[in-house]
């Protein structure tokens, strides 16, 4: 497997995640799309880390995990609050602010 | 034993950030251990003290940096140089002012935040929490965490730290947005939108970071800058990576095409948070952008120029045009903030030292004005009837129509708001003008006179909607019938119980004598002004003074900034 | 007293006045008018002092200098100084302000009613006065620009808060027009700075005169400046804000707006455009002259067709400003001197006209011409003064306006005879609008509802009297005034780098001698 | 040294075959005598309400546990590499990690004190 | 706090450099058939062990409860589990109508797959000669083997939670959620307890950890960590007293409610394999792995630590832990859910944290600051002593003020709209007739009729 394979895989995953974010309407699923994007980035980072032979990429991947976790916490808190209020996690139902 | 060498840490330059973050951590402990009744006082003291401490620390570092030009700390993850200090001081100052607005309590001892943000709006539990006078004091540590992140953000010279700082500043903001006491649904919605979009964009930005790392093999700006000088066949990674990274930063500053969240979030978030966010986030993000553009990507300035130009022009134009049709004060200011982002971008395009000074000054001027303006908005309330038909103060009156005639009933407030609007519009003798002037000068000097021209035209158009508010406040009669207090959402805001009479504080005195025509006052006007405990008033006054002083005698500040406005690589 | 900062004092005093008005304790508010008038009169005294300190013999050079750094980082300094033209305009403005304060006695609310609105109004007038003095005295382009823009705000409020039914529209229109022009000028200002030597005094006019600029750049910068000035001094295509503003604003505001503020535009052309961009000025002059002539005729023609007196007067101003611009861009010392003098006279004449119309409107409750008729017998003093002032608008010999208009036409003729001849048509048209207006309002049978109209009171006579007196004095004795404006005109010609063309018709007005050109 | 992860793949392959095979075998071997009641969800004979998917609710506390877990999981994740290279990182690493632990403990204390860990 | 990024940035460098030879065991001679052999061997071992474990559990519990347990099929009923398995295999496989089909089928497979994978990195013994190839008795090993184990365990939870969710039924959902909450709660304590082992061993490779226990098994010096591990391992595997996800009394069958046939069998299997897994981990990390216990290890210069012998010790140790499982099951009652979570969050995690800090400090003193053992011990003793003294000086927390022994409270039996009987501590007000009588008495007395309540209260 060459570098390109990993890059392509990461890009595909990233694209899937981004598509999920853009197309799906359920907040949780949108959020999972974001997580997928983050993880594809991790793959990329680790690949490059190996390619360049230094560890900065892996360290960053570590931090990405941390941040993703923190994001999950905050995101869940927000989504659950909305969910409890509206009994729906659909982004489409969240439209009070549409101008 | 391996070759691990413990890095030398220069603690001194870190003090401003450390003070704030430490206070934030302490704030969490305060939440845990201090009893309800005293929590607010303790938190407030802690927050104010730490922010003031950060300011002092910056002041203490100043002369050293002026001499040496700054230092690397943490092995080059951060750099504390002149721009860093200026931005940190700006952020700390604005956060300090925002804290005052955060803390202010209005009729019935209510602040701007939900008594229990986790409660379902309209539920019994919420009602109980409200009646018991519960107060969300978590906002102070959140504010401090966000501030800490913001202070780190412009100091980063390392993509890792950049990303971490970005999240540290963003996550508390997402939460703060959802804590509005009134219009809970709107507030929660804003929070969710901000969060989802923010997370999406940070993922995009992270991908960009990964690509940049892939291109250069390092996360340090300086290394990347070196790598851009020597082609290595991976230029695709570089270009795409840089674009994605910039996309993230553009999102934070609210530049077109990543601006969609701004109006919604600004409108939905509790007004004190909006002010804080609008001012401080922008300062921090522009600081980071400055460093990225100047420190990391000068090698590809040629390619970047196209992007920056396009974004700057689009931002100015779209922000201005969209603001023209807004009917909500907060939305209007949101779009205006987009336009302002465009103006600052013109300064960044200049790519020289004058540009740095100009941008730094502009951010300070814009921040002070913004915090003040949103502080004022927090004071203008709807008048309605609470339980038992007792007149009570409801949520903020943000619809423009509700501001009609405010100049007649509350002249001092209206004049102050006018001052802020004029500063936004860039009328001479206000801070906004000097900022705009400096930025445009830098842009013209940097060869981007076309940008300056677009900026000037946009300013002219922008003046229209600022003037519209002034017209509304001063030249329009007070509406006679109370505007219905509905939020337009079908969800009535939690009615305010308690028979606390409307407080006419700082402006009451003038208000009583300012009416020229004897208005028939059988029905109270739908819009009123509350004074709260005076904290907001203090903050607004400070902002107004800053706006005037920076407009009339900007010299000391400009000189001070110019004396240190050199970015270390 | 030569070291006394006359100009700074002239700026600071009205600001103090405005502050005093706003901070007036509630008990002292009934005395608002007195306080305001007091400040205005002291200001007049200060101007007299400044005149005494001014060396008329060297009117071409800037005197009463007062320079200090303001924002060195941006190259801005607080640089004040006046040449003859500036001083004359300052004097005219200060007098007009005093008159307006006096005129506004009853304008806002009755004497026993709440005086609060009046208080705000007068404070704004005083604030505006400070800006006016500053703008005429500024020797720093940035300072000039700042004041040029900042002036909009008090005027905006003076129109928008205190005017007629359509005042909001008029105020916004005024503001946006001016702001747009000003912001375009901002780009020019920035570009000019960057062309100049830079540094902490990079905006001083003397540092910017005689720059060696790229011709294209110079043309663009010139254009940006000129556009702003053209909007301010309403020239033909960009004048449309003026009639609305003048119609809707209270008479006092209109007086200041047209009488003083618009002069800033022509003053700017004279003191900034010509010396800073001589080449571009020369390049643009033909087009501008055409525009100016069009302004003259267009303004006059529209004035004839107006039904609203305020609008009518506003259009006459468009016409007059056409003359002024014409004179400036004819590039002869005679015409430039004439234009300079014209600015002063126009302030007096049009100001008086606005005030008189204001008195009429206040009495009748309407500004429409059709609502009047036969007032000559009812209010003879008013009618008489109106006639004199009206005649000054059509430049009747013996009144100061004649001198200036004559100089302009003569001076222009020397270089552009065609333009001068066409512009002369404007004088004929002026006769039509003035006399026809007079005829419709004051002659004919007395309308019954007007029979009870009262004539001018003492205060009102004091309002118009001094202006008419000044016009007469300057009309018969223009010498001292011309002494003030002529040397700067020669200086301008020198800076422009064109050869002065002596008027070939009639007599040249010998400088320093008393006028004998009736 | 061969890649230590290849044997893992072998293991995963065998285990997957087993897991699939078991279910497949039972599907083939078992009888298929369905009726409507048998296919209903088990709810002590009551019509299941509400549906678990979409309408299913469980106490908010579970979310809280999840969130807290994530924070601590991160803590553990950071502790492991440090623990492994404890000696190399020496005092500097020690102090850092102690500060880190302290910072993580603060929200834990907060949550504890504010009742986030109570089940009632 | 901002020091952290740097430290962590430096970490992997250190890890990378330090881990040039991350694994003690030498797999260099392994070839494909060896792997295949080992993998199949492991799976066979696990399946057999599970069959035995089920029998073992039932027998032991039976013995504890003074009954025989299974004793019909085969000698000592040994074939009982086999019979059960066969029955499950040929049972009807019901897929409930409302279920999310794919996930429903996938869930048990995930559970069983993940549980099977853990043993891949467990060392059964040192190097042996396997048909001419010298290879360790371990499928594979790498520098983050323990992390891999935790990962497998964590993914295994997906099986449970997805199974609960996809059944689309209330009880399974609650069971799944409970199980998740439980597993993640106890995983933290477990993870933290392992940290001290890593500090001591300086590695996360299983073979190296075993290697590091040549001198002493870690459960002795790290006793608190070991205790925490044992408690949390019971919680991890959903075993009594922590078997709340499948608490029959509350949730019918928990997440397995809607499962039958082999799908149910896989969940069942997974649970037992997980028991074996955690036992094996406990053995490896704390009990010296395949090392022979002390007196035996000394025999003949460690002869019993070579060849195939260690396999025996390893299996014995694993079964020791299995016995503990059963023993606990036989003697302890199921916890209430709140108690259970309280133990996890408020006892185990803080304790684990404190222990990590203690170990860190002591290790640092020994390795980094060159404090000699005696000083260290004395210091520790001093600290403990001081702590004790202080604990004596601190005034005991006053017991919560005893509630005034008030008399039984009166209550309104009709408050809810219909009459209810009084609960203990409550008393009915006097009947209307009694009230009238009381009132009459009051009227006669000096205090007047308007204070009947006071009188009654007194």
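Think of it as A, B, C, D and E in the order they're written, each chain with its own count starting at 1.
Keep in mind that, in the parts below, a contact is a pair of C-beta atoms (placed from the backbone, for glycine too) under 8 Å apart; a residue touches a chain by one contact, two chains touch by 3 or more.
Chain by chain, the UniProt names read as follows: A = NADH-quinone oxidoreductase subunit K; B = NADH-quinone oxidoreductase subunit N; C = NADH-quinone oxidoreductase subunit M; D = NADH-quinone oxidoreductase subunit A; E = NADH-quinone oxidoreductase subunit H.
Being a predicted model, the structure only gives us computed values, none of them experimental.
Chains that count as touching both subunit C and subunit D, per the definition above, are B. When the C-beta contacts at A-B and at D-E are tallied, the pair with the greater total is D-E.
Chain centres computed from CA atoms place E at the largest separation from subunit C. Averaging Cα atoms per chain gives one point for each, and the point farthest from that of subunit B is the centre of E.
The innermost chain, defined by the distance from its C-alpha mean to the mean of all protein C-alpha atoms, is B. In terms of their C-alpha centroids, the spacing between subunit C and subunit E amounts to 91 Å. One simple way to say how far apart two chains are is to compare their mean CA positions; for subunit D and subunit E this gives 13 Å. In whole angstrom, the spacing between the mean C-alpha positions of subunit A and subunit D is 19. Here the CA centre of subunit A is 32 Å from the CA centre of subunit E.
Within subunit A, contacts with two or more other chains are made by residues 56, 59, 62-63, 70, 77, 84.
Within subunit D, residues 60, 66, 73, 78, 85, 87-93, 103, 112 each touch two or more of the remaining chains.
Under the contact definition stated at the top, the residues of subunit B that touch 2 or more other chains are 2, 4, 6-7, 25, 118, 160, 164. Across the complex, subunit E meets subunit D through its residues 1, 3-4, 7-8, 10-12, 14-15, 17-19, 23, 27-28, 30, 32, 35-36, 38-40, 42-43, 88-98, 100, 105, 108-109, 112-113, 116-117, 120, 139-142, 147, 165, 167-174, 177, 180-181, 184-185, 187-188, 191-192, 195-196, 198-199, 202-204, 252, 257-258, 261-263, 265-266, 337-338, 341-342, 345-346, 349, 353, 356-357, 360, 363-364, 367-369. The part of subunit D that touches subunit B in the complex is made up of residues 60, 85, 87-93, 103, 106-107, 109-110, 112-114. Taken together, the subunit A residues at the contact with subunit D in this complex read 62, 65-66, 69-70, 72-73, 76-77, 80, 84. On subunit D, the positions that touch subunit A within their shared complex are 60, 63, 66-67, 70-71, 73-74, 77-78. The touching residues of subunit B, when paired with subunit C in their complex, are 357, 407, 422, 425-429, 433-434, 436-438, 440-441, 444-445, 449, 452-453, 456-457, 459-460, 463-464, 467-468, 470-471, 474-476, 513-514, 516, 553-555, 558-559, 562.
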